[in-house]
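Both complexes below contain chain A, partnered by chain B and then by chain C.
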Partner chain A sequence: MMAGVGGGNDFQWCFSQVKGAIDEDVAEADIISTVEFNYSGELLATGDKGGRVVIFQREQESKNRPPSRGEYNVYSTFQSHEPEFDYLKSLEIEEKINKIRWLPQQNAAHFLLSTNDKTIKLWKISERDKRAEGYNLKDEDGRLRDPFRITSLRVPVLMPMDLMVEASPRRIFANAHTYHINSISVNSDYETYLSADDLRINLWHLEITDRSFNIVDIKPANMEELTEVITAAECHPHQCNVFVYSSSKGTIRLCDMRAAALCDRHSKFFEEPEDPSSRSFFSEIISSISDVKFSHSGRYMMTRDYLSVKVWDLNMENRPVETYQVHEYLRSKLCSLYENDCIFDKFECCWNGSDSAIMTGSYNNFFRMFDRNTRRDITLEASRENSKPRAMLKPRKVCTGGKRKKDEISVDSLDFNKKILHTAWHPKENVIAVAATNNLYIFQDKIN
Partner chain B sequence: MEYKVEAHRIMSISLGKIYNSRIQRGGIKLHKNLLVSLVLRSARQVYLSDYYSGACLNAQSEREGNEWDIMDSEREKFPPSATECDRAESPEEPQQSKQPEASDKEREYRENDDEVKSDQADCTSTLQQEQNPNPSLDSVGNVSPPETINEPKESPSDSSVAERQSTPVANGESHQAPKTHVCSNRKRSAEESESGDSPQKRTKVASSNSKEDEEGEEMDTSNVSNLITIFGSSFSGLLSKDSAKPEAEAEDSGQICCDQMLKNLNPWSTAIVAF
Partner chain C sequence: MSGEVEASSEEQQEMQDTVVSPEKAEEAKLKARYPHLGTRPGGSDLLRKRLQKGQKYFDSGDYNMAKAKMKNKQLPTAAVEKEEITGDHIPTPQDLPQRKQSLVASKLAV
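So, the complex of A and B:
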C-alpha cells in the first residue's frame, strides 16, 4: 500500500464528502473551473463555468463522531460574473470564473477576488444574523405613517434572525486586459494584487478600480513575431516586490518591482534545457507551463507542464531541483491527445501546508500526490464508487505495457473526458479538495 | 514517407483547429492558437523537407507539376465546392487583401491599429511581379482601415521582394516563383469567394458573425483545402524569431527552401498578427 504521502507512514486518505449533481449529464455551466481554500482553511470557494461562486464553510469539529473533522457545507452562493458582449470586437466574453483568490481576513467579513477573462471583482461576504425591529414609522399594512401622528420615539431593537450570508461586489476592476486573464495573485502587502493575461501583467491597488499599473508587457511591436505568451503569474508569499510569471515556452521569469516600473527585464530566468531525444511535433505544447505556485516558505516554486511537475529552487535557475512525472505514459499518445484537444488541458498544482508534498490532477479522475521527502508518489481516484463515508482510498495504477495486472487500468481505457484540473490543499491540515468536472470531492486523512 | 503522411495529417488537424477557434465562445484563445500554429509549423517543415530533399534535383516544370499534385491530393481529401474549383483554375488577379479568417481575427483582436502586415504586402507584391495589378485591388484595399495602413508599406517591400525573387540562390529557390504564384492563386480564389459577397465584410464592427455562419456551412470542404494551400506559405514571424532552432533541425536544402519560401510569403502570419 502506497500510504505515507503527505505526512507520516500511518497516513491514509479517506473520502469525506462530495458536492454536486450525480447526474451523468453534466451541464456545461456546472463544470468547476477553480477551487481555493482561504487562509485559515475554514472556507472553500469554487467557481464554475456558469460564472457562479459557491463557498463552503467548515463546521465546528464535533466531539462525538470518530476522528474526522468538520464537514464543509454550503455557506454562500452567488453569481459573480455574467456573460458579456464586446460590441466593438463582436466577441462574447465568457462568464467562466478563471480564478478565485482569497484576501486575508481582517474583520468579520470575508473578501475574495474572482475573475473571468476580462473583469476582476472584489466580493465581500458578510453574515447577517440580527435584524432591527420595532420601528413605529409604518402602519401594519406597510404605509408610512403621517409624521404628525407619531407621538413617541421608539428605538428599534436588534433581534436575532436566521443567519443570512450576503455577497456584495465591492470593487469591479474592468477594462484593463485586452487578452484573456489567466491569473490573479494577492500581494503579501495585502494592498495590491496582480492580474495577468496572455501578454501583459497589471498591478492593482485593491481600493482603486479606475487604473492599474502595467508591469509586464511582452507584446511584440509586430504581432507576427509573437512566439510566447504568459501562462501564469504569482506574487511571492513574503516579498511584496517579487513575482514570477511562466510562459508557453516552459520558462519562468522572476521579477523585482523595485528594479524598474516596467519589469520586462527579469531578475531571474528559469529554464531547463530541452532533451533533444524527446523532440516531437508536440514538444512545444507539452513544455508550456500551465501553473506556477510558490511554496509557502517562499524558497521554492512549482511549475506544471503537460506531463510533469517540477520544483525549482529560487536560487538555481538552470534546472529544477525535483521533477515528478505525472503521466509519462501519455507521451506516446500525444498525437491523439492533440486531436482531441486534451493536450491543451491546463492542469494546476498545489503544495500542502508544510511544503512536504505536492498534488496535481490527471485523467480518468485520477490525481497524483508526491511526497518530496520520501520520494513516494500515489495515484488516487475521485469517483462515486469510492464515496462511502470515511472510505479509504485505494491507490490506483496505470498499466503502461505488457500484461495488465489485476486492478490496473490500461492507458487506452482511461477516460480523457474525466479530467482533474483543479485541486486545493488545506493550508494547515491534510484535507484536500478535488474538482472532478462538476463534482467537488473532499478527502481527508485518517490517522490509524 | 510515413513521416510525411503523419505531418500532413497533423497539418490538416491544426488548420481545422484554427478554423474552429474562430467560432468558439469567448473569442479566440491566443495561447492555444499559438501552440497550434507551432505544431503546424513543425509539421510543415517536416512535410516540406521530405518534399524538397527529393524535389530539388528535378526540373522546375516538373516541380510545378508536383506542386499541383500535392494540391490535388489535398483537394481529394477535402473536395472543394464547384465554385472554388473553377476559380482556382483560372488565373486570378491579385488583390491586396488578407485571409478571410485572418481578417476576422484581426477585427476581433485589433487594438489601436498597431498590427503590421509587411509580409502580407510581400505576398501581393510577389504576385504583382508576374501579373497585372487589378483595379479590384484598390477597391478592396480602400474598404477597411487596416488595408490602407498597409499600402504605404507595399512599395518598399516590392523592391526587396523583387530582389529576392530574381536572385537565384539555391536549387530550392528557383522554383519558388511558380510555387508562390500557384499558392497565391488559390489563396486569392478563397479570398475572392469570401470577399466577393460584400465589401462591408471588411468593416470592423461588422458582420463577423454572419461571415462565420456562412463559412461554417462550407467549412468542412473547400475552405480547409484552401487553408492548406494557403499554408503553403507563411509563418515568417515564427521562423524569423526561432531561426536558430529550425536550422538545427531540418536538412540544409530543405531548410533553405522552407525558410526562403516561408519568409517571402505570408498570408497566414496575419492570423497571428490578428492577435
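So, the complex of A and C:
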C-alpha cells in the first residue's frame, strides 16, 4: 500500500495528471472547494469558489496501452450557483460550492447534488449523440416549411451527431437553511438526503422541493447560551434510518430516525475523554471536527480534527479505536496558526474502497495516507515539480528537531497558504484526486 | 478574575506547564500578546462570528447623514484596497464589491 523501500507487494504512488492553471496569482473563484468521485469512479466532479462545477470522465481502458490506466478528461462544466444577496436579512450569499454528492446511477443520465451556503441543487448530466433529421414541418435550419409546398410525409430519422453533454438543474431545494450549509449526504434509500447547517439538519425527498423535515435542531432558546455548532453530517451507507453529525466540541452523535421525528436526542454519543490538566485555550478549537465519514462497510466512522484523524467503531462510544497524527509538529505553532486563522482550516478525510487505508491533507501541499493494517504512514506532496507522467512520488518528511536532514523540510519553512483540504479516493481502485488550491492532481498506483 | 495571590500561582503553574506541554506554551504566548483574550467565553465569540458570516449592515439614516457630511468635505480619493466592511464604516456604492461576471469558465475545464 505505501511506498516502501524494497517494496514487495507495496503500491507506489505516481503522478498521473494535473488540471488547472499554473499562474502564480490565483483568482479566488478558481480555488477548488470540493472533490468527489461518483459510485463507479468513472466520473470525478470538482466545485470551486466561483460556483462552477467541472466533471471529468475516465477514458475507456481498452484504448490505452498498458500500464497506464485511463486518464480523466473534461466531460462537462457548468455554473451551478451564483452570488446572491438576501435583502431581507442583509446577507451576502457566496456562490462557493461547499459539497457535491453523486446519486447512484439509475439510467443513462448522471445526477449530482451540489450546494452552496443556502441552496441545494439537483443537476442532471445527460449525453446527446443523436439528432432527429427530416422533420415535416421545418427544414434542417429550423425554419418553418410552407405547409402548402409539402406534398409527402416522411418519418424523421435519428442521425448521429458529435457528443454533447448537457447539464440541467432538475430540482432546486431552497429556503430551508437559516445558517450555512456544511454537509449534504444521500441516503441509502436513494429517495432522501440530508442537509446540515451550523444548527440544524433537514431531511429532504429528492422529488420534493417545497418541503423538508427538520430532524435535528440544536439552536438554544437564548443564543447567548450557544456552546457548539454542527460541523458535518452523513447518512449511514446501508442503514437508511441512521445518520451521524459532528460538532465543534469534538463530539459525534449517532441518531436513529425510527426513534423520533426530531432526533435531538442521540442514540449514541461518541467522545474521547480529555485529560483536564492538558486543557488549554486551544483545546476546544483543535478538537472541532471538520469532517466525518462512514467506512464503506458501515462498521466504522472516521473523524478529522485539526491535528489528527480518528477511526471509531460504531459499537464503542467512549474512545476511538485508532488515532493517527497528521501533523503533530503544529502543536507548538498554535499561537501563530490562531493569529493567521489557519487553526480554523477545515480538512476533509477519506477512506479507500476497501477501508484499509485513509487519506487526509495538510499544509505545504502535503497529504498523508495511513494504512490501517500495517500502521505505516506516508507523506506525499502535490507539486508541479514532480509532474512528469508516471513519475513516482517521493515520500516527504517534516523535520521537527534540531538537525534537518537533506530532503527534509523544517516546520518553519512550511507554506501555510498551500493547504490540501479536499481529497478523494476512487471507490474501487488506487486512484486519488487531490485539490491543491486551484489545481487538481490525480495520482495512481504503479502497476508492477 | 483572580486576585494577585491567585495570579502568581497561576503563573507558576503556567511556567511548569511550559516545560511539559507545547500547547500551553503557545497559550501563554497568545495571552501575552492579547491579554483580554478569553476573559469572555471565547467559544461563543468564535461561534457567533461563524454564524454571522456574510452579514452586511446598512442603515439608510446613517448613510444619508454621512453623505450630507461628505458634501462639505472633499470626496476622498478612491481607496486603493477594497477592505472588508466592518463595524462603524458606512458603505458607499464605491465600497461594495462588484457583482461578478458569472459566466467565466473554470480553468480546470481547459
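The rule we apply is simple: the second predicted complex is superposed on the first by the 427 of 448 C-alpha atoms of A that agree within 3 Å, B and C clash if a C-alpha of one lies under 4 Å from a C-alpha of the other, contacts with A are read in each partner's own complex, and residues count from 1 in each chain.
Following the convention adopted for this analysis, a residue touches a chain if its C-beta (ideal position, glycine included) is under 8 Å from a C-beta of that chain, and two chains touch if they have at least 3 such contacts.
Not measured: the values here are computed from a predicted model.
Chemist: Overlaying the two complexes on chain A, which is it for chain B and chain C: clash or fit?
Modeler: Chain B and chain C clash in the superposed model.
Chemist: Of the partners chain B and chain C, which touch A:Asp198 in the superposed model: first, second, both, neither?
Modeler: The answer is both, since A:Asp198 touches chain B and chain C.
Chemist: Taking the superposition on A as described, I'd like to know which of chain B and chain C A:Asp371 touches: first, second, both or neither.
Modeler: A:Asp371 contacts neither chain B nor chain C.
Chemist: In this superposition, which partner touches a larger number of chain A residues, chain B or chain C?
Modeler: C
Chemist: Figure out whether A:Ser332 sits in contact with chain B (first) or chain C (second), or with both, or with neither.
Modeler: The second partner, chain C, only.
Chemist: Taking the superposition as given, does A:Gln79 touch the first partner, chain B, the second, chain C, both, or neither?
Modeler: second
Chemist: Which of the two partners, first being chain B and second being chain C, lies in contact with A:Ile93: first, second, both, or neither?
Modeler: It touches chain B and chain C both.
Chemist: A:Asn222 in the overlay: touching chain B, chain C, both, or neither? Say first, second, both or neither.
Modeler: Once the two structures are laid over each other on A, A:Asn222 reaches chain B alone.
Chemist: Counting only touches as set out at the top, which of chain B and chain C does A:Glu36 meet: first, second, both, neither?
Modeler: neither
Chemist: Quick check on the superposed pair: does A:Glu381 touch chain B, chain C, both, or neither? Answer first, second, both or neither.
Modeler: A:Glu381: touches no partner chain.
Chemist: Considering each complex separately, which residues of chain A are in contact with chain B in the first and with chain C in the second?
Modeler: 89-94, 117, 179-180, 198-199, 223-224, 226-229, 248, 281-282, 284-285, 335, 338-339
Chemist: What does chain A use to touch chain C in their complex?
Modeler: 19-21, 29-30, 32, 46, 48, 50-52, 54, 74, 77, 79, 82-83, 89-95, 117, 179-180, 198-199, 223-224, 226-229, 248, 278, 280-285, 331-335, 338-339, 438, 440
Chemist: Give the list of chain B residues in touch with chain A in this complex.
Modeler: 6-7, 10, 13, 17, 25-27, 29-32, 34-35, 38-39, 42-43, 46, 107-111, 114-116, 118-119, 204-206, 208-209, 236-238, 240-242, 249, 269-270, 272-275
Chemist: Show me the residue ranges of chain A that touch chain B in the complex, using the header's touch definition.
Modeler: 86-94, 96, 117, 178-180, 182, 198-199, 221-229, 231, 248, 279, 281-282, 284-285, 288, 335, 338-339, 341, 344
Chemist: Report the residues of chain C in contact with chain A in the complex, numbered from low to high.
Modeler: Residue positions touching the partner: 21-27, 29-31, 33, 37-38, 42-44, 46-48, 50-51, 53-58, 99-100, 102-110.
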